[in-house]
């Protein structure tokens, strides 16, 4: 793979990652959010594969397959089950309205761009140029975590945050060692599964998984 | 309806519209300007809503009056013809007159249904001011209680000539 | 004596003449005589400004002072001449307008004298070549304008509080500017601008002075959050005064900022630019947002001034920022854009305020919700106001469009990927300018459409008639300035380029703009010719069709056949802005109240529904009310000390004397 | 004024006047086919237009010259856009740039004229339509300008012809994330500006849901004809612009008979594709509530902003 093709593919994947992030912030339907999360996972997997191919590292290709399986298939499927058990096609009411969230996300992108200079300096080559995308995803993830009420959306935000961290890691250093990646992925999977079981239990007990309702459980 | 089902429905249903019946003869005294394009403003002057259902059907996918150049519009200023249904009740007397007056020339008035043509079963009832013809100059009448959508479409085609 | 010095002397003597005329001439002729003399002051200012602009430091007047300062010097440079020219033109037009407009208190001796003094002060602020003369003129400007704002205090109660706000804010501005100049004078060892120019822009003194001066000038310009006086003072003042205040006086704040960043401390650090951009962007969006939901015509125009000055600050800030990053070509364009904004705002805001004055004169109404149908009744006013509104909405072919185009060009060519800060600030600025432009469009469609089109919403509007000749003449003059400057902007571009000593811009063909530095050009004449060529066949068809079938008048608009179609059913300014006020609910925080009264027979039948909406200035409510409350409480406390008893005051004096004695002996 | 540019401009105007009613006809026909109807035929808009032009024109009491002049201004603004936007070819006039800011301003001139017509009617509906249209127009503007900003960064100019020419020379730049994001944002803006679903329903008869229709409720005869022709021209020109940016092939970069013929053919093909796609997509969406429209526009604004960011991040990577 030559440099310019590599750069183009990286930029395409980065564009997809950003786009899916914004769409998750945009859409209020849980089904759509999960779908875009899957898209994001797939874009991340392709990104890893491209980097792997460029560095001719079989290990990275393996990681790519792992990412694809976990983030584009398994986690979305788990989340989908959680959504499907509630009423299908439900919309949620975020803490701040969508318009404000979207404008906030544009500003966060800019912020990511400004603050990522030291990180970019750590890496080299065309891939490092796209580092702000990872930071932006991380910030979007936090935004979603901070402004959404529904437990599934919160999971989506958490996973987006994780995707952001992974993106930065892959772009700067060509990824962490396979073992670490495996460990982190399993961790994430475990968290999601536990949370999913918990929300399932909460729903069967109380009929909803809206965080505002849950906060009343303290008493 | 989900997107997939909608697409499947479109593919399986294909063209719903009936084949066009032969062209009826042109209405006497129809303005030549209205040939090919007739925008209709519908006024319910006091109908039982039977005729409305038939008018709706005439512009629906099966009878599809739009293929002959007729279209329902939102304002008499845009219209070429007032389509009156129902007997003219006292409260609708002035609005009906105003609607016809608000329409630019050349214009036509179509009375659709027995009530609009001749008061129908409501003749002499309380609150009835008369048939459409008693209030405004009617150019074309479509009898029936209610008239078939086909008959309404035919009347429209007699004006548009398509 | 040089031309410029002669011009300044002429202005001063004409002002004295104008004051004499307003005092001595009997009321029957006062308006004509005093008005023409004041207009002459304006013309003299414009000519002097033009001379100064043409010649650079072409002349000076030195007034020796016995104080330990440098002598007081009036010596306008090209930049000052530019602003003097603008102020003079505005003043002359407004004075002619005033001849027909003034009545009651605004026709009094005091009002005319104050107007003359005000105009002189506005024209001489940019002539100052040292801090003392600058501050003197500045204070004269503040005092005279306060007197003018107070003109109608006897007839309307709200005028007093407006004048109080204005006086407080304008003195605050004076104090900050005084402090800023003091810092600069201390650092530069002299009160002359030349001495101050020796201060290193990177030094702490320069930074402190810049912040103080920027805030001081911002206060005078009505920048958010120190804009609170503006939407009050404009409706309170007579319309011709509002025009001069908005189109000329507020610009002196912009002049002050440019004076600092171009002449005194050129090459300031990048954060100066950021500060100006932030102030400008917030003001632009907030100002136009408030304007778009305002239904008082003059309040609307006042807020729109905040918006426009915000854009000027944004342009000036962009120039500073880009220059600090070495992107000098775009910086030059931004500076020119700033000056274009100044000129175009002066032109269209004069037109709009005078138009509003004409409406007020004819109907006694400023409330858009009670106007309507004035287009047929006051055609000249309607046409002029329409042109002004086009300018304010930045549509072609007006000077407003040209100015905004130049600003956008500087912004989109400013970004370079290697400078992250710039490349983040530029798109945000583009978005701000675009949103501002969009909302301005809505605001002025509302102002024009509701006031001048359709049917009158009140009896006063129904019997309105067009204004006296002097008002119409000045309206037409101001409106034609909007169009002519929009058609051949090359004139004002050359002037702006000369004022800032730039070479990256120039006129093209008949009078278009060529921003050769950023490879962009605009020729409104060409655009107009093209539009005319396209319009011709359309008009031909219209004419033929109209001959075949002329228009037929009918008595009523289509109201769904309804029998009672009354003018009250029309959309009002408030209802026009309702969707927008909902979209920006979080920023505007309107208080809405719906009150439903049921019939006594049944609660299912409604007797009447009352809707009321209140839009307060959020900044004022959140930031000023607490401060004022605190001051109030302090005042109540202070009253306890001052109860009017002579014994107590003597007691205070005694205690003070004792204290002094003790302190001295220690 | 240079001759080639003048020739190109007249060709563009003539073609667009002829084609834009047909484009509307095509879109209605597409919709009819998908709904199982036969449809009124491609040339129905032309028949309507001919009728409106010869019908009587009424003007109600209280309406002034605005109601008469407004429709003509709308058409002129539509025609001017057809002159300025590169549709058939990208050969600008030397003195009048096809700067996007100018194009947007001319477009807004048409919007304002329609709005004033609506307000001049002096009815509740006219004001309602104007108010809504203006609110939408005000909120669309940031999207349009920021999207243009994104498109102009790689080229270094906001002149449309330069942007399009750059794309003709390097078609691969169309597929870059920057250009795609900006185009999606621009497409949403175009949909909002031209009053298509889901922002406004062009076929509605319910006054309370109307935007464009409500403003023209009072116009009749040739006034209505001009207003409709103006809005069709605007739709055609904006779709054509999207076409030129998205599918830059076939645009004439010099004025010869051959290249113009190719350009016209390409324009017709692009309009057919985009118009058909838009009409087909409209069958599947419902009109948004008015107060959900700002969300859509904020979304498109966010996309435009992303495009700008992406251009910094990714352009030099290539």
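For reference, chains read A, B, C and D in written order, and residue numbers begin at 1 within each chain.
Please note the rule applied: a residue touches a chain if its C-beta (ideal position, glycine included) is under 8 Å from a C-beta of that chain, and two chains touch if they have at least 3 such contacts.
None of these values were measured; they are calculated from a predicted model.
At the far end from subunit C, in terms of centres built from Cα atoms, lies B. Across the two candidate interfaces, A-C and B-D, the one carrying more C-beta contacts is B-D. The centroid of the Cα atoms in subunit A and the matching centroid in subunit C are 49 Å apart. With centres set at the average Cα position, the gap from subunit B to subunit D is 34 Å.
We define each chain's centre as the mean of its Cα atoms; on that basis subunit A and subunit B are separated by 57 Å.
The distance from the centre of subunit C to the centre of subunit D, with each centre set as the mean of the Cα atoms, comes to 35 Å. Counting partners per residue, subunit C has 420, 423, 427, 552, 554, 556, 558, 560, 583 as the residues that reach two or more other chains.
For subunit A, residues touching at least two other chains, in rising order: 97, 99, 110, 113. Each of residues 54-58, 207, 217-218, 221, 294, 301, 305, 312, 316 in subunit D touches at least two other chains.
You'll find the chains touch as A-C, A-D, B-C, B-D, C-D.
Only residues 292, 372-373, 375-376, 393-396, 401, 404-405, 408-409, 411-413, 415, 417, 420, 423, 427, 430-431, 433-435, 437-439, 441-442, 445-446, 448-450, 453-455, 508-509, 512, 519-523, 526-527, 529-531, 534-535, 538-539, 541-542, 545, 548-549, 551-560, 565, 567, 569-572, 575-580, 582-583 of subunit C touch subunit D when the two sit together in their complex. Those residues of subunit A whose C-beta lies close enough to touch subunit D in the complex are 4, 7-8, 10-12, 14-16, 18-19, 22, 25-26, 97-99, 102-103, 105-106, 109-110, 113, 126, 129-130, 132-133, 136.
Across the complex, subunit B is touched by residues 552, 554, 556, 558, 560-563 of subunit C. On the subunit D side of its complex with subunit A, the touching residues are 176-178, 180-181, 294-295, 298-299, 301-303, 305-306, 309-310, 312-314, 316-318. Interface of subunit A with subunit C (complex): residues 97, 99-100, 107, 110, 113-114, 117.
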